[in-house]
Each structure stands twice: as structure tokens, then as C-alpha cells.
Amino acid sequence: MKPFPLNAWYAAAYDVEVKAALLGRTICGQKIVMFRRKDASVAALEDACWHRLLPLSKGRLRDDQITCGYHGLVFDGEGRCTHMPSQETLNPSACVRAFPVVEKHRFVWVWPGDPALADPAKIPDLHWNDDPAWAGDGKLITVKCDYRLVLDNLMDLTHETYVHGSSIGQLAVAEAPFVATHGNRTATVTRWMEDIDPPPFWAGQLKHATGYEGRVDRWQIIRFEAPCTIAIDVGVAPAGSGAPPKDGRPGDRSKGVNGFVLNTITPETNKTCHYFWAFARNYCLGEQRLTHELREGVSSIFREDELILEAQQQAIDERPGYSFYNLNIDAGSMWARRLIDNMVRAETPAHERPGAIPLRAA
Amino acid sequence: MKPFPLNAWYAAAYDVEVKAALLGRTICGQKIVMFRRKDASVAALEDACWHRLLPLSKGRLRDDQITCGYHGLVFDGEGRCTHMPSQETLNPSACVRAFPVVEKHRFVWVWPGDPALADPAKIPDLHWNDDPAWAGDGKLITVKCDYRLVLDNLMDLTHETYVHGSSIGQLAVAEAPFVATHGNRTATVTRWMEDIDPPPFWAGQLKHATGYEGRVDRWQIIRFEAPCTIAIDVGVAPAGSGAPPKDGRPGDRSKGVNGFVLNTITPETNKTCHYFWAFARNYCLGEQRLTHELREGVSSIFREDELILEAQQQAIDERPGYSFYNLNIDAGSMWARRLIDNMVRAETPAHERPGAIPLRAA
Amino acid sequence: MKPFPLNAWYAAAYDVEVKAALLGRTICGQKIVMFRRKDASVAALEDACWHRLLPLSKGRLRDDQITCGYHGLVFDGEGRCTHMPSQETLNPSACVRAFPVVEKHRFVWVWPGDPALADPAKIPDLHWNDDPAWAGDGKLITVKCDYRLVLDNLMDLTHETYVHGSSIGQLAVAEAPFVATHGNRTATVTRWMEDIDPPPFWAGQLKHATGYEGRVDRWQIIRFEAPCTIAIDVGVAPAGSGAPPKDGRPGDRSKGVNGFVLNTITPETNKTCHYFWAFARNYCLGEQRLTHELREGVSSIFREDELILEAQQQAIDERPGYSFYNLNIDAGSMWARRLIDNMVRAETPAHERPGAIPLRAA
């Protein structure tokens, strides 16, 4: 089976990346060229001329149309050829594929599958990225691994202890119990670490925002939305100030600091991915210096992950057919992978499908 | 079928490249070592020692013989082993393949196929390259694409408008009608653009050579000689001065300027080629500065093609089995490809051939 | 059949390379991580975590155990998992493979095959490397070729004349007769060059050590020990001073200088190898400057071989299935390859073996 479904919205770019210029990018193995029209809408076309396959992104944009850089065929934003050199009659088959596009939460989302199914309501929730109650910024990195390895990495934060020991990692993350739950399109892993010493990163944030120094209650609530988006609710509050939920009711986080690590990972090829991330916070909203510092700090942390993920991909490539052993800590990523597999199954012809995977609690 | 015939002369080097020294180059997938003998003739041998395959080009040339750089076997210019280390009796099978070689029109031509068929009369016509009535110079570039993509590029100059807009391109090239004809070994595309403003390149040449400024009649007569040589007769003359042929008789080009773009493209591998080109002119013959300027100017133009061709090859590699759509402008390159296919067919055993391709006008 | 046996000791490192730190290296296609325990013994484990395949060499060493750099699984020097994150019960299958290791003659030897067969008595003889009657030093280089091409190179020194003409090569090496013999695990090529002018290298050594200038008797006695170790007894003595053996009795080398070129070549992959070499001498033992000079001088000579070997491997890769012609000079390397093939045969299931190769004199 394919490693990713096609009937899904994938982040193709940060909104600010797409201007009145040609931007080529590969999404789910499909070369796409994007540009912003005069009316501010975004067009996304197959990035290969109908005639000789030259990438259209090497051509020129004029009046919301692309002129191919080789022989001058012209295509509009819907992919229709509107001009051919040296001939009056256009070949009626002359067009390139156009992809459904929506802008939301500061991303440009593209649907590489069946356009008839492209429902904007299915765009994953990353609203913190443009909600005025939150402030933050992010980056795009391209990682040389199967996008699911990034999901595995995010669905279990045990690795913070070993990969990010100098910033957010601490032994408590690897030792505290967690709860994994799931729905039809989502999987959630919740971990509370009560009455612990905060790791360097959170100690600094809490003191900066509130002046508090001392032990904390720390939380990590990882929410996966199939096929490739993960929003992680993270933060600390003074120990005993009531942050953890109790008796089914939400806790009082008002004395603490809260962030969301927003991640959406778009397959580029089967073994490379575009990793869009951002960090949004609910404190010190007006401090541009803090926004800048957090973006660069998180960037360094993700660079640590990148090295691990690329080494893991190489090791996998050297052992074709290897099946992984799973530990308790892998419960979240196992659910994420099942939800992805079910999406892929749903769009795989019946005779090509392996046996069904039941969706029941672990 | 193979992408190129073996029973053909291929340019392997500019004559000045081959000296009393070992020059290794791959021609049609075959590694060849060339050197110039004391009597000025050129030898071309398989570039791999009979014994351990070390390239002979890594050895030493002495007295018109190559000593292998590993164990000292010696081969003469006909490929016969004349010495082996530590043994008196030479193995009678000890030889490397020798290739027919001819020097003509400032190129060294090699025949990689059946030596019995290597008739020097079949060397393509590039006589302008050493005709005293013409002056010019050229270069060798290696392009990372199937050699036929270069031929496609040259057989339709519509692309000048889009790829070379700042020098020789102009909308008239893409819009003027053309005539495509063919013979058994040649295909010709003729385009006359009458009473037009000259593009920057030709405006400059005509003014420099004749002082004339103003509208012109422009011509491009592209002549392909199978499998990989294209000589393009190009030029401009003052509009209305009689340059276009009339009623079947040649026109009077005496008030204009005329050049020949000489191209012969030798496959290196299935996806790379040696592109030998030169530009010869019939005006201002003694101006060395102009020769230098034209060589570097044309070189910049061909660099623009190179970027397009390599991008096209990458796009093709990503879509194995893709069949191209053809436009009217592709008539010339379609004939060129048919003539090549027929040469390949002729040397392909009957049971390996696909269906025959009829040779009739398009 | 595989190009190398697994049931054999392979040099994995110089002893000084392995410290209380993680050293990753690929041996016979197997990624291995080595480290030195507090008791000075060496551990060698499969370099891939049982859980997610991250190379253990990217983790941390503490108390003779490796903590994986991703999720913190801990493995001891025998490969047993001793800790898992967030769970009390360890999966009983959780281990990585441990390899037999022995240190001898200044190398760390690893046995990649069946541990039950790993007899330390089978470690090849390179005792000159830590014998106080000899002095010298060596290096490790990684060469991009099948390790057997290095063996071929060493089993016939004819190539010195053509590859190393400025140092140890001379025509006599290519012309003098030689004798090739073999046993069940060894093959020997003996070449005496009597009453010759010494090549530059040996002229310098003999003069430096003894003051003698003039003609010499020179010897090269190449001893291969399967699968990949070659010790070459080399030297010169004043011509006529009695160095060559006579009537079955050893000669008197006391007036000459003697060295051993020690080589053990460990396959890294099928097409790359770790080449460990050293040069030991029996003269001027206390001269550190000479040790340094010889190490760097031999290093330059081996660099000449490296260029030839990599070019040869490329030529072989371009001709899959090519069978080599052999000359008289190849007698030694042909025996070496037969002995290797027999080792591989012995560990290949009967139904996968090609026909048997008889072990008789050439």
C-alpha cells in the first residue's frame, strides 16, 4: 500500500511563500507549481508542460497565466491551454492538472486526490496559528525521511529526554505515565508530570512570564489528526495551583504558561517530507523579541530530531522488509499509523488491499 | 530499441584536442582512448586493458603504443598486444578493439559499429568549419540529456522566442510559417520571416558588416543529417533586397549577412551527450575580435538551452513510458527521429524490431 | 556466492582506535559499534537499536553500557537490553547481536559469522606489528573497491614497475621469474632478483642502515593467509653476500635490510574495503624519524594503488559478468581467490553451491 492517502489536504506552503510568482514544490510525489492571482486567490497546477514536460515553474507568469519557458504554450490557473505557437487551433486535450487549493490557518492547503472529495471542512485544526489570543511563528524544513517517522517522533515525547536533554528533556518525561485514546480521525496521548522540577526551557518561560520559580505541574497533550497533523498542548503551572484536570473537569491553568507546538508534515516523496511547524504561546503576546527567540530555539531542537530521523531512515533503507518491535510508549504512534492505513485502504481498490485493520481500543 | 545507431560516424573530438597524448572519452556508451601518432594519424582504441580492465588512458604513450598503467601490457594503435610482463609468449587473443577514425571538417570522427561498413563518404557535411570562405569557431559542451532532445531543440526554433528572448528570439520566429521536407537521410525545415524588425543579435551583425539599419528579411534553414548533425543556415538581408528564393530560384543574399550554426551531437551515454557546435560567418572574415565575441555570445545562448534540456530530461526520467504530444512546430524533429529510428531498425535483428515506420511526407 | 566468508576474523580497528567511546564501523556489510570496557576488554555489537534501528553509535556510553540516543533503551556489552523507558517488564527478545572480539597484533579482530566457530587460534599472523625485534607503523585507508582487487594487487608485484616507478618499482620486478606455492589456507609467491641495481627506495634504506652502496640481491616473498591477510617479506642485501636460500637452506641476510609489509583488508561492503597496513623493519629500530618517514612514504605509494584500484572497480561495474583473462603473473592471486571461494563454499548451503573447485597446484 502507498505510504500516504491522496484524498487529504496537505500543507503545500506557508501563505506568505505564495506570491505573484511561480513556486514549484513536490507534494505527495506530485510536482506542483503555485502562484497567487491578482484577486489574491492561489492556483496550483501540475508542474510540467503538456507539450514537452518542461516544469512550468521555469516559465513566466503574466496576467494570472503561465507561459512555458520552452515553446511558449500558455496555461491559465485552471490548467487550460490558452495559446500554442504557430497554430490557430488548440488541441482540445491540451491542459495540465489543476489541484483544489484552500488557504487556512496561515497555510496553503492542496488536495492531491479526487477533486470531487475536496471538502474544506476537512482541513486540520491549527487555528492557534492565526488566533489573536496566541502569538508565535514557525518554519518549514525538509527532512530526508518518510513523513511517518516524524509522526512517530511527535506521538511519543519520551525521546525529549535523550534527544533534547539540554532544553526540554528530563527524566520525568520518560517515566511519567500517559494515556492514549483515539477517534476515527484523531489519536491523543496525554501525559501529566506533577510536582516536578521544570526543565531549563520551561523554567525560563514561567519565570519570564509570571516571575514564579519552583516546582511545577507539567503537561503534554499530543493530538494527531490524520493523516499528518499534530498539535501539542504543552506547558507548566506552579505545582499544586490546580492545572491538572480533576474529576472530568478541566484544571485551572491561569497561573501557568501554555504553548502549542503545531506540526503538519507533508510527504514530498516516499522518503522525504516537508515539515511545517510553528510554536504559539498564550503569554507575553506583544514581545516580538520572545517570538524571535522561541522560533530560533525551537528550530535548534527540531534540528536535533532531524539528525535522528535521517539516521533512522538510512537504517530502515538498509533493512528492507524489517518489522519494528513496539514498546508501551509507541501506543500513540501505532494509532496514528492505523488511522493513516485506514485512509489509504479506503482509496485502494478492493483487490489490492491487505486484510482489514479493526479500529478498537488498544 | 537502442536510442542511437552504431553504424554511423560520430564526432569524438575537435581535431586540436587529439595530440601525442592519451585522451579518454565515452562515445555511444563505449569508452574510447584516442591519441595522435607520429605520422599525424589518429588511433582510437577501446579504453580498457585486455588483462584487468584498467582504462588504457591511465597508461603511457611511447612510440605510438600504449603501456598499461597497471601491469605494463603494451598495445599498438591497431589494438594488438605487443608485450606482456614476465612471459615470452603472448596470448593470441590479447587485443583491444580498434575503431575506424577519420579527420574531417576539424573533427575527429569515430565509427562505433561494424568496421566493414565505415565509409568515409558518409561523414556528415560540416564543411563551413574549415572552408576559407567562412570564419568562425566553436566549443564542446557535455549536456546531461538524451542527444535527441538537443536535436528536437534545434529542429524547431520557436523556442528562441522563449529561451533566447534577449538575443536571437523574437515573436516572429514563433509565428512565421515554415516548410518541412525530408529525404532518406536528411530533414529540412525552412522559415522565412519577411519585412520584420531584426532581433538584437542580427541588427548588430548587419549594421557592423554593412552599415544597414532597418527592417529585414530573415531566414532559418535547418538541415538535419541522420543521425545527429544539424547545420542551420541563418541570416538577414535588408527587407526587399531580394534574399528570399522566388519561383524556385535562389534569392540574392549579397546585401545581407549569413551564418551557419554547425551542430553535431554525439551520444555519450543514453542520457548524456557531447555537443560540438561552431558558428561560421561569411562576413568580416579577418576580424578575430568578432570571432571571439561570436563564440562567447553563442556559448551564452547555448547555456540557456542546456538548462532547459537538463530540466526536460529530469522530467522525462520521472515519468517512465510517457508519450509526448506533438504540435505543428514539431514536424522537423518528428522526421529527424524517424530517420534515426530507421537507422537503428536496420541494425536491429529482425525478431527484436517493432513494427516498420513508413517514410512518407507528414 | 558471497564475495567473502563470514566465518573468519576480520580486522575491525587498530587497537588504539577503540577507547571508552562509541566507534561505529561497517564490517562485511554489518554495521558494528565498538567500545572499550573499564576492564580494557572490547565489546562489539550490532549498530542498530532493537526498537527503532537508530545506530547505537549515536547514543551514549556509561558504565560499559550504551544508552540509545532516541528513546533511552540501554544495552550491555553482550547486547542484552537492561532498561526500557516507561515500562518495568523488559521484552525478553530485546537484544542486539554481539560479536566475538579478540585483540592481537595491535588490531581488534571481529568474527561476523557463527560465534561457536570463533577460534582465536585462527587469527592471521601479523606478529611483526608488535614484536620488539621489529619497528614500524601503519594506517587505515578505505578503498572504494572489492577487497579482492587489493589482494590481486598485492599477490603480484609486477605492478610496482608501472604504478610505483618513482619509488620501489623497477623493470627487474616485472621480468624476474617467481615461484607460486599454496597450502590449505595460504598461498605464497617468491621472487628473487639477484645482482641488480636497487630501486631508489631500497638504495636509500640500505645505505642508511649499513653504509653500503652498489648492486644488490632483492627479494619479495608474498604470503597470503585466507581470507584477506598478506604479509610481504621484502628487502635487499649486498649482491653476492649470500642472502638467497641455497639447496633448501635459508640464506644469510645479515648484511642486508629486511622489512615486512603487513596488509589485512576487511570488506566493508561488496564494493568497498577497509585496508589496514603497516610497514615493519628490522633495522635502525630506535629511529622515530625513520618510522615517521617510512609510514608517510609507504602511504604515498599506497595512494598510487588506490587510484588504480578504484578505476578498475569502476571499469568492472560497467561490465557486469565480465570474466578476466589471466597471465602467468596472476598465479598467486588465482590461488588466493580459490582459497577464499572454498571458504565461502564451506558456509554456503549445498544446494546454493556452484561446482566444486579442486585444490591442486597450477
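When the chains are written out, they are named A, B and C in that same order, and each has its own residue count from 1.
Everything below uses one rule, namely that contacts are C-beta pairs under 8 Å (C-beta built on N, C-alpha and C of every residue); 3 or more make two chains touch, one makes a residue touch a chain.
Because the structure is a prediction, the values reported are computed rather than measured.
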Degree value of the rotation bringing chain A onto chain B, based on Cα positions, nearest 5: 120
Proportion of interface numbers common to chain A and chain C (over half same, under half different): different
Whole-Å gap separating chain A and chain C, where each centre is the average of the chain's CA atoms: 50
Residue numbers of chain B (touch at least two other chains): none
Touch list for chain B against partner chain A, complex: 152, 156, 158-159, 161-163, 174-178, 308, 311-312, 315-316, 318-319, 322, 324-325, 327-329
Residue ranges of chain C touching chain A (in the complex, touch as defined): 31, 48, 50-55, 58-59, 67-72, 84-87, 91, 93-94
